[in-house]
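Let me begin by handing over the structure; questions about it come next.
Note that the chains are named A, B, C and D in the order they appear, and that numbering of residues resets to 1 at the start of each chain.
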């Protein structure tokens, strides 16, 4: 049977339900204190840093990592915290990458002293991480990476260039995929190794890449004889292809994969009012049906992780469906919105207009970042036995 | 969780007795007696009827799981309808008879009335399988409320028609018919009956979608063009990956509705929204999914002799029954809008 | 520049506009006379044969073929006749394949005696043709055909099997693509030859294939030592790959590629009435915009043909857009239609309901027959320089 | 047919003077003087103004063809607006001044009035390029009809804003402004002005779509992944083929509207339906097309330094201006429904 993947039903345990209320109260207080704009998520870097510390103090970073590195809580509890943060546009950018990706890599493949040093600092909200994966000639094809690490006394020397590195300009550390040997004939994925690199290291230059919204998230990073100590080697030399990809791919299905444009819908609901016409009601209902289903599937993956399963294809399905939906959402909402004219009351719908513009601009990246639609469908096709 | 013995039993019966030829023969009017008898003998036709009313007394979720399997098998028998009828009768404490049943009405504007003389009045359109049913479980207006009534099909005036799936879809006049039994329906109204029907259809559709994914993948592995299986072409792979996504979403949405009903009963706004989500999302998946499956199958899938149409035609029929995507979307949209923008997220996370 | 294909504007000449009125009058009279059902196009085989004779008598078959074979009229005039016939669901099935495909092949590659014999009989509406192209293992990949023609005294002997042959059970003749030599290493398309074959020939067995609407259009054809005289060879032996495909591909863009489900929309308009609500009006407007644009593009291809151009990629574009649109139309209309219930007046909308069912059932084949979506997109991609 | 010299001239000017850097600089507020001057010196800014009113006196279709080229170039100057302004003034027999212009209002519910004292009153939102215009051509209510009025921009109260494309989109108050010239608009009303604007935008969009197709194909040929150009992957090929279809449909629909206006003028139902068809179909193509182009470009297309956004952001802006797909679809749908089902086909074939 081709259809051999499943989305188990999940019943959230009582502690997760309580936790949700706790998170909501926390966020309500933060919004009241002006820590961030609840509609757009706007917050300064200082605010984002301060926010990370508070979240860390609550024990909501590194939740699923075993003690003493983290907090030893369940995937479902972590899921609840994550989705509440996203739903209320909390400024998680200082810690989210470390919490979601870098921390788990260190936990699984890092050397013990590094685990002891880094993980508690991540969990406290102190450290900001970024991921050095893409290169100018290696985007979807990550195994084509050519930035190299050469063995030297007591460590490695790194030379080359990474690109599309989100948040590198704010990050303390990067986990980078570097070439330590050429690929072999039998295995083109051979020869890459993961390293932990301090972003402030000598020899690193970071160039901002401005995106089409005018914003700055991506960076290009140049490495010029950057020294990385042996202790910062993560996992086996040349064997990165065995690490990382699959286990962490589950993170693909997180709520960040279907909530990125959600605020345009929320703001639209606000302008639509409590008694929309038939056309609008129909449009709203359709989007809510997709949203509710995506959320259930995403939660289900968290539940399966908690049950010790390995829902890799399921995660790819959620990301593919989720990113396609959130990408299409601004246009769907645009076609529900009332026509603008000279007699439209001014700034009546200004927050909605701003959200619509912003989401229209960012929509294209959603099916590209973190695994393109093409890559995801390839993974699913493999799950179906077609590859 | 569901009782896997019941599901295994159903799976085995359909594998043995629900061949494509049986399904096509049923479309020609040949009642699949062996299949029905096996289902009945194994207690699968009255899954939702408590022991003391003559049924199997299984959990709600077991019944839905059986319907998922039945949908996967394109079973040409009124199993869903008999399950619903038994359930409806049970709400009123009426014992369920043996044999195939259907329900009436299937529309929320249905107008069957039960008079003080114990006689029914009214007409119901598009009743699935009415002509093969031994009994009809009717939800009839009586005074200010509703009663469930059990009616023998034999004496009814039935005008035959067919659904897009080629299954009986008949107009039945109840004028002057006498109910074998009739009792107050315990708070159930027509909206709830339609809601329940919608949830039932989403399970059947989810099953049918699983089936067409299986068939399409198998076909893509077997069918050779340009010197290799068509499943090796990237365009075909990506289409089938998309189909898999629709199948997964449909299954998940249908389960959510089933679980909500199992937990909270059929009445109330919260259940209504779960069913709405399911009927909308599964209905969309049915359309998208059937289109992809047909495209993958090429001309072969368009023939009567290939069995793909047995599933796709049912998908096109079921997505329309008990309210289509649009009708449910309007309802859900109004519900969400009425609660206001700030309640969207609490609404999405309610219940979990 | 990648975008190197064009849709020239067309102004229909006065004679074409007059012709349109002439065709409409003709059809009106035929409808009045009960020659066919104007809503569904239903007509018996006898009616379809009689209709073909009348159309032939009007000079509307083989219009663009030079005299004395045909009528020496313009592609635009032919276009107008074709689209009017389709728009009013005229029963053209007896002559349309011969008019559109078989006749032009004979005209261009047939031997002179055959041209003189066959073309006037096609143009008169007498002869019905079918096309023997697909085989069980050769669908999209037509050059994999294996039904073989072996040279014998005074002709060829044909053995093998064709499938998906539309209308073969009613046809007098078939033009078949047959294997006369194996493919070569350099050219896998080598070795196929076109032949004219009388469908009543000894050794031919036709098996009907019932489709999912319950109807019979496709057939499977078995050839058992069928003799085909030398005179029926069409074009060069082994060289069919040079013939046929491209020149005739223009026919892809004809109005038959975007009108097949149109009646469900027309019938919906009838039920919707003159003052639809916002939602319905919006839906109608959207479909009309697509329809009008497709029709302009289709007409444009006819105009370019008339101007002696070779719009092969343009034709593929029209078919791809057209079939996708007509395939999606029944579902679009379904979602505009009012909800059915027990209080809906009976048979108020019965003709619409019937059309909706029928069109839902036939929709899947539209992007498969006559070149699948995948094949068309390949042709367009080649036109873009990607292949 | 169009005058190819005019089009060639425009093409050359944009090739020489409308580099991506110029376009980005314009977004930062740097007026592209060399570009504008070249357009003006070559008579391209007053294409639609007759000789005797100071213009180039070219055919309608020539102006539309120039706008197609300008759209392809993502030209960051009010060429379309100046052409429309000159045309509007010409309808009333008012001589067109030199320099950039814009029009007002841009909405059919616009409310600028011309009083008996020759002074204007009213406010217009979202006027493209108002802040860089030397003059505004206004269609103002006067008595029971409309007058065209030429107003110097210098004295106007302008509140600056930007479109999604980063181009000026300003709110302008005309209260108390005096018209340099004002004459009856010769039967033109606001609906006609909006209709004209919609037709203009479809040409610009058709041009921008051609551009993003070119860019996407080139990128697919150049960009190597997994050891070969991404354009060799079937999924990419099929996406770009779909993009090509949208580009072709957009160009054809836009041309149909332009030809209809050139033949039959801007007034009347027949032209209204051609413009409606164009704005709907081109608007859809803009959305679908931009999405495919971005997907093909990967992360690179999302950067400010790559020029793709110069075209896609304009597409997202223009599809909304002068009525979006939905607004025009409602209008067109009403028009078609009012004529009845049997008039659908005659409606589609009218004019040809």
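Criterion: a contact is a pair of C-beta atoms (placed from the backbone, for glycine too) under 8 Å apart; a residue touches a chain by one contact, two chains touch by 3 or more.
Since we're looking at a predicted model, the values are computed, not measured.
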Same-interface partner of A-B, chosen from the options C-D, B-C or A-D, over half of the pairs matching: C-D
Pair joined by the larger number of C-beta contacts - A-C, B-C: B-C
Centroid distance [mean C-alpha coordinates] between chain C and chain A, Å: 51
Distance between the centres, which are taken as Cα means, of chain D and chain C, whole angstrom: 39
Shared-contact residues (touching 2 or more other chains) in chain A: 278, 282, 374, 377
Residue numbers of chain B (touch at least two other chains): 233, 235-236, 238, 325-326
Contact set on chain D toward chain A in their complex: 105, 107-111, 123-126, 164, 224-226, 233, 235-236, 287, 290-291, 294-295, 298-299, 301-305, 308-309, 312-313, 316, 320, 323-327
Sites on chain D touched by chain C in the complex: 1, 210, 213-214, 216-218, 220-221, 231-232, 236-238, 240-242, 244-245, 247-249, 251-253, 255-256, 259, 273, 276-278, 280-281, 284, 325-326, 328-338, 340-342, 344-345, 347-349, 352
Partner chain D, residues of chain A touching it in the complex: 134, 137-141, 144, 163-164, 209-212, 214, 218, 327, 331, 334-335, 339-344, 357, 360-361, 363-365, 367-369, 372-374, 377
Complex interface listing, chain A residues touching chain B: 1-3, 5, 7, 9-12, 17, 20, 83, 87-88, 265-267, 269-270, 272-276, 278, 280-286, 288-297, 299-300, 314, 317, 320-321, 374, 376-378, 380-381, 383-387
Partner chain C, residues of chain A touching it in the complex: 277-279, 282
